[in-house]
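By written order: A, B and C. Residues from 1 in each chain.
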């Protein structure tokens, strides 16, 4: 479901349902100084999916996310999108969004931050006001719209960041441990935002080391360990019967090296 | 020292009696230095921000060079500009020597590296903070520079004030290219130099007090306009 | 930028003007502040004085950065004319140089009428002496006096002989500050306000004669020179009105510049 028809036209979408997904990664490898940090990862992310990337710290989850989102170039291998639609880097940028572990906000008001993102996400000027209102309402921040963003609490800031990322109605949203240091109320609010966005058609790829969060949200799980996806599949199967020893140990709360 | 006390009361006397000569040289000092700072900021902030966000071969050398230029001796700049603007020099036909315009040119040359080098550091720090998030949005080029410059605005106000300090305090450049001509190119610092050379030490010191007072006033006004206050609000 | 220059210059920007390259001693004496308004009232021409050392004034004249040069170093002026940089030299005015020193007079030269002998005494006693050291008219005169004294002080530069490379006023500040002797033109000394009880030690020697000459920067060499304005100024200086103005300039009752024969 896309919310703004005129904007959809602006984005050059022939049918409303055409998206840059599926995302197909083939044989991704990332090396630094001879160290192989990502080892031959291939995966697919389909439209409307909710994928949780799980694994211990240092496994390469954040790196993988950045490779998929296009922030870093792989040493070898390829990240491919839905060919006909995703032509030109501008389109790819506009249809994706990413949320980082610590909220990154500009020194301006709450609503100005959202407006800035909408501008770069290609939302035409007349539609921005409505998009800002919708985003702030959904995040429960409407009353704070004029407040300088940096004065918000950390939880509110991260909510704003998520709302800002979703304001442009992206095809896919990447999140790198977005709730790692937040209070439970904020975690709950942000998870609700993600579920809601996913229901509206945005694919979500969420990196976390919080098993509880993975259980709550994930429909697909990718388990990453030492730079490789050693197990992936539907969530209930993964949690019910992990196929690999490492995944099993991890789910039992053991430290795997 | 009696001289210092005399200086303060002299300074007060000059200001409150509305001494026309004093107001003339104060006016010239401000108009020359403020103009130079405005131009220097336009050039320097753009240049500094561009260097901050762009990777190009030789970048570290450029940064070292920019930082070093902050220490350009004013008298050397004055000499260089004089050689350019002299009738015997390449730009002599413009007839700019011994005019306020020449002084603005010299001060702009002095202030631009200060603004550029400091802006580069400020913007680069900010760039690191925002790098991934902005890349994620697809922000680059001119848009990136504008975003970072606006976000750094409170720090950049201080950078501009640093440039202003450099301009309003120097005498070496403006005295060579301006000639310290009465009612035309005589500014606060050159007037102080002149009165000192006449042995009028109390008056020279009084003018110095006035100059420091003006610098204080300018800084207070700019900070009051939301610099410091705004910073506190917007962290 | 032009707008600033014009608003700041005010009417000065539209009025005809000439640039006169002159010396710090002449400016510090206050003569220009006194006589130039009279010239402007008479002719409507603004005189913009750039006061630097004689050496720099002549160099600026060579570059064409001025219309008139008014300095006090006859030999250097003659060279300026001979090399084609200036024309129409006129004697304008004269006064004298004096040697000033600390009230204690450790070299014992007070009242001497023989300047080179006084310098020799200072040198033999190794008393502190400050030299302009900047190729100014004063400096050139000082070097001539040293030659006449038979002593070459430059070997002692940095010890008792201190070359400051500054204008007359700055040099006086330095001499007074370090309790040293120095050579100065009388006009600057009389108008100087930081004397700290220093006095004239040696005066009246005919070799201390200080003569000022004005020259027009050669308009053939530098076509942009305001020859009309420049000539008007030099003629005024040498004419009845200018001479009256110069003679009328007194500081504390003392006439600082005397008129040269025309």
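Definition applied: contacts are C-beta pairs under 8 Å (C-beta built on N, C-alpha and C of every residue); 3 or more make two chains touch, one makes a residue touch a chain.
Predicted model, so just to flag it, every value in this text is computed and none were measured.
Asker: Once the contact rule is applied, which chains count as partners of both chain A and chain B?
Answerer: none
Asker: When all chain pairs are ranked by how many C-beta pairs they have in contact, which pair ranks first?
Answerer: B-C
Asker: Chain A to chain B: how many Å between their CA centres?
Answerer: The mean C-alpha positions of chain A and chain B differ by 46 Å.
Asker: Could you work out how far the Cα centre of chain A sits from that of chain C, in whole Å?
Answerer: One centre to the other, that is 80 Å.
Asker: Go ahead and note the Å separation of the Cα centroids belonging to chain B and chain C.
Answerer: Result: the chain centres lie 34 Å from each other.
Asker: Tell me, which parts of chain B touch chain A in their complex?
Answerer: For this pair, the touching residues of chain B are 129-130, 132-133, 135-139, 143, 147, 151, 153-154, 233-235.
Asker: Can you check the complex and tell me which residues of chain B touch chain C?
Answerer: The touching residues are 27-28, 31-32, 35, 86-89, 92-93, 95, 97-101, 104-105, 179-184, 194, 196-201.
Asker: Which positions of chain A touch chain B when the two form their complex?
Answerer: Touch list, chain A to chain B: 66, 69, 71, 89-90, 93-94, 96-98, 100, 104, 106-108, 116-117, 120-121, 148, 150-151.
Asker: Give the list of chain C residues in touch with chain B in this complex.
Answerer: Per the touch definition, chain C meets chain B at residues 1-2, 4-5, 7-9, 12, 19, 24, 27-28, 32-33, 48-51, 60, 62-65, 167-170, 172-173, 191-195, 222, 224.
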